[in-house]
Amino acid sequence: MILARVKGTVVSSQKTAKMEGIKLLLLEKIDPVTMQGKNDFVVAMDGVGAGIDEVVFYVSGSGARMAETTKNLPTDATVTAIVDIIEQNGNIAYQKN
Amino acid sequence: MILARVKGTVVSSQKTAKMEGIKLLLLEKIDPVTMQGKNDFVVAMDGVGAGIDEVVFYVSGSGARMAETTKNLPTDATVTAIVDIIEQNGNIAYQKN
Amino acid sequence: MILARVKGTVVSSQKTAKMEGIKLLLLEKIDPVTMQGKNDFVVAMDGVGAGIDEVVFYVSGSGARMAETTKNLPTDATVTAIVDIIEQNGNIAYQKN
Amino acid sequence: MILARVKGTVVSSQKTAKMEGIKLLLLEKIDPVTMQGKNDFVVAMDGVGAGIDEVVFYVSGSGARMAETTKNLPTDATVTAIVDIIEQNGNIAYQKN
Amino acid sequence: MILARVKGTVVSSQKTAKMEGIKLLLLEKIDPVTMQGKNDFVVAMDGVGAGIDEVVFYVSGSGARMAETTKNLPTDATVTAIVDIIEQNGNIAYQKN
């Protein structure tokens, strides 16, 4: 899974029928050392109710359809967790406010 | 899913039989901050009737066969949405004309 | 799918049994704007009878096993089309001779 | 599979239900020649009880769900081995303490 | 599939049970024009009995589990062929000794 920050949302009215009612998040991948954005973006389905600026991770590939809410959906990226703590070498590198 | 702009079409007469009648789009990936092309291209099946210059996103991998029209087709990239709005940090970063 | 040019073939006598009789192509990915090679190579199964120097595209991942001739084969890349025309912004960017 | 070093853990309370009780490791990919980190990180499920600073490899994609403990879980990366020895050209390039 | 050279082996005693008895190869991807290594490494299961310094190719993703010996194993990379000849533009670019 890849760490990312929620930067926004993507809205579409013309889409495949299976995607009706699914919230689409614009994510920016982050470097977990600096917690800065890497200017590399992906659109992901929201499996956890993540909000703007939250640090999350998403699962890609067929794993993106293994969340409770994304079975058989046309997705290759689904947010499956909002991150509370990233611990590195015994230190708290990131903690959610 | 990855944001991209429809740049053209790809036509083939010699292809695997399952691909008969499928429209193939040439997509250029875009940076959602600047909306500029990244000079990185992919050929995708069209699942939504997207036209030239439209901003779309496509799903890759096995998810590309989860649209209504691409089941069991030999695809690893399918356009599943035409983008109306990209919202970033509370601002409209992109809006379809 | 990714656009590429057929650069050659790969021959192997020691291989998994399922690959017997399958033609293996050496492909170089191309930039569809310049049609030049990107010095990035992949070995793909041939699903369409492509010849040297032809412009093709291949499907990767599990989609590579969705062609008529590659079901259940150990492939992650299969050529599924020989390209006749690439049209960009209303112009013919490439046409097969 | 990709060689990596365990750098830490990721904790999440808001996550898809299937992930309850799963330990999540923060991995940094390493160069097996120098054994140095490549500043490229991934979050993986732990399939072997790996600890901080251990050299491991992880399997990605649908293979990440083929371990005994990750069947049907929403994962695209699972640690499946703690590395004891990396042998290169007849020499021991790395040996676990 | 991707061309690579066998550089060594990886040994692990703590691993998921399904991996018992499987030989793990350290591969370095190669440029098929120069046949030089690209300093990009992957650990792959051995499906063909490849030895040190041999030029091989491996299949990645779910295709890595389509060899006779890797069904349902937790692998994302399996060596499926030892390369005898790479032919480019009518010339023998590489031939196994």
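Every chain is named by a letter (A, B, C, D and E) in the order it is written, and numbering of its residues begins at 1.
Simple rule for what comes next: a contact is a pair of C-beta atoms (placed from the backbone, for glycine too) under 8 Å apart; a residue touches a chain by one contact, two chains touch by 3 or more.
Quick caveat: nothing in here was measured; it's all calculated off a predicted structure.
Rounded to a multiple of 5, the C-alpha superposition of chain B onto chain D involves a rotation of 145 degrees. Judged by shared residue numbers over all numbers used at their interface, chain D and chain E contact each other through mostly different positions, with under half in common. Spacing of chain A relative to chain D, judged by their CA centroids, is 20 angstrom.
Per-chain CA centroids place chain A at a distance of 33 Å from chain E. The set of chain D residues that touch two or more partner chains comprises 60-62, 64. Taken together, the touching pairs link the chains into one ring where each has two partners.
One full turn of the ring, starting with chain A and passing chain B second, gives A, B, C, E, D. Contact residues on chain D toward chain A in their complex (touch as defined above): 7-19, 24, 26, 39, 41-44, 52-53, 60-62, 64-65, 72-77.
Contact residues on chain C toward chain B in their complex (touch as defined above): 1-3, 31-33, 47-49, 57, 59-64, 66-69, 78, 80-90, 93.
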